[in-house]
Amino acid sequence: MKSTDTRPELIEPSPASRTSCFKLEVMFGDCDPAGIVFFPNFLKWMDASSHHFFRSCGLPPFRELERSRGIVGHPLLEVRTKFFQPATYGDTLEVYTSVTQWREKVFVHRHEVRRGGDLLCEGEETRTFVMRHPSDPQRMKAIAVPEDIKSLCMAQ
Amino acid sequence: MKSTDTRPELIEPSPASRTSCFKLEVMFGDCDPAGIVFFPNFLKWMDASSHHFFRSCGLPPFRELERSRGIVGHPLLEVRTKFFQPATYGDTLEVYTSVTQWREKVFVHRHEVRRGGDLLCEGEETRTFVMRHPSDPQRMKAIAVPEDIKSLCMAQ
Amino acid sequence: MKSTDTRPELIEPSPASRTSCFKLEVMFGDCDPAGIVFFPNFLKWMDASSHHFFRSCGLPPFRELERSRGIVGHPLLEVRTKFFQPATYGDTLEVYTSVTQWREKVFVHRHEVRRGGDLLCEGEETRTFVMRHPSDPQRMKAIAVPEDIKSLCMAQ
Amino acid sequence: MKSTDTRPELIEPSPASRTSCFKLEVMFGDCDPAGIVFFPNFLKWMDASSHHFFRSCGLPPFRELERSRGIVGHPLLEVRTKFFQPATYGDTLEVYTSVTQWREKVFVHRHEVRRGGDLLCEGEETRTFVMRHPSDPQRMKAIAVPEDIKSLCMAQ
């Protein structure tokens, strides 16, 4: 992204992204005193779906990526979420996940949480891959998105 | 249970109980800094499996049971759990659930959490069905286990 | 806000809002395999801080508001969150919460999660007060923000 | 404990154990559709109180113990919990934690969760300190309870 880019907010879907589907059943303990899913759980499921996305693209889990390449994780920098309809225990949900933008050091996920045909919630996450800081292993350091990871995430 | 019962601790499996199987995938957010499932999640999954057990026996969810029969839930009185092996994110687990004992007002669940052939964790829960207290709807009151519910839970 | 307002996205802080401070200690079980707070917990704490905000302004808890006025809760419509620094178990955090905008049927919370002088995370939540739908108590219905609640939330 | 000990199940309180008190406020998101604390959260709080116990006895957090002495954590082998009274959001709870037994490789915690004068829940946890297995760092290995840790936990 050049510094002359004047549309920093505009997210154009990356046409070539794969889309994964992560399925789950809402548990009693996911729900709050109003009887509906406690909203932070939707963000937990988007996170699980992000891990599932990279696994379904062919990437190993992060505990192996750390050993083989030093990539510790892909922490969240920013998230926006909109809630349209509630869900409750016993419901089966699907989270559809893709990548809508690759920048130099960050990428943007789009997640849609659906129950059958209904869109319950959508989210947009900005994340970065990180390694341990060479001089202080307690600190993390964002890296450029590895080209091979980007390629794996493209639809064939 | 008569007061002369001298074997209060002995749990004999109820030979006629159905056994249900609740399947789940461990999420990244279920794991702790040691990289393994944070143990209270095993208890959350046993609880979800208890709800799943009653649903698979033909009972409606509690939000409907409350409307139709005033039965609000089946709170836990006591739980014992043993942990044999850890699990981590990406693992697929099955929780096998049955009823090992029906007493007048309480019943005992047995749960086994397995990953393929491996037993990871087992738990024994003592629960009771409750209704709202007639003079104070904020308080709950244990009821005798309804005979029709007991029958639904028996293997045919 | 007049109907001719052409800047619906612009959030101007409500100068008169009270600000509350909700304090918590990060638990081991709040942290993920990277050893840092699993991010949906920040949203759980913002939610707890919203409840704490209204309580500290003089409102009773929602379980009493439902009985006295039929107001069941204040569900989330939208949330945006930015993460600046991680936290880990043993850390003491403060969540500072205020209202930055009152519209007819929705209001906007601003939350800042701090550890001492450091801003770890900030969030903006759009919420609405709801009652049960008169013809279907399972559905919720947004109501106009009650004037007395708005007044309670103003700094004296 | 000698191998001729014939009372392996009998837990005698260790008279010399310190007792710590961990305080917390129940959040909305800790509660379930019945409006009360979802029970696995009591186990999360007992776990947090165990960490707090060792910190208050003078032990550093496990992330430092791993670096300095290779002790990765103190995983749970077994837990028994009894529930006497429910709690709800807004309640302030205290978890009182001590060690009731030190064996060679395991120790037993006693936890009491109280709200003012009321005992809500009690638990007994059997735990062990672990290091990474020398030939496979992914596996954990129980170690003898370090004498200096035991000493720190004794009341002066």
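Just so it is clear, A, B, C and D label the chains in written order, and each chain counts residues from 1 on its own.
Heads up, the rule we're going with is that a contact is a pair of C-beta atoms (placed from the backbone, for glycine too) under 8 Å apart; a residue touches a chain by one contact, two chains touch by 3 or more.
No experiment lies behind these values; they were computed from the predicted model shown.
K.L.:
What's the overlap between the neighbours of chain B and those of chain C?
P.N.:
Intersection of chain B and chain C contact lists gives A, D.
K.L.:
Across the interfaces C-D and A-C, which one involves more C-beta pairs in contact?
P.N.:
A-C
K.L.:
How big is the gap, in whole Å, between where the Cα atoms of chain A centre and where those of chain C centre?
P.N.:
Distance between chain centres: 24 Å.
K.L.:
What's the distance between the Cα centroids of chain C and chain D, rounded to whole Å?
P.N.:
The computed centroid separation for chain C versus chain D comes out at 33 Å.
K.L.:
Check each residue of chain C and list the ones that touch at least two other chains.
P.N.:
Residues 28-29, 33-35, 38, 40, 44, 47, 63, 88-89 of chain C touch two or more partner chains.
K.L.:
For chain A, which residues count as touching chain D in their complex?
P.N.:
28-29, 31-35, 38, 40, 89
K.L.:
For chain B, which residues are in contact with chain D within the complex?
P.N.:
33-34, 36, 38-41, 43-44, 47, 62-63, 72-73, 75-83, 86, 140
K.L.:
Inside the complex, what are the residues of chain B that reach chain A?
P.N.:
Touching chain A: residues 24-25, 27-29, 35, 44-45, 47-48, 51, 55, 61, 63, 88-90 of chain B.
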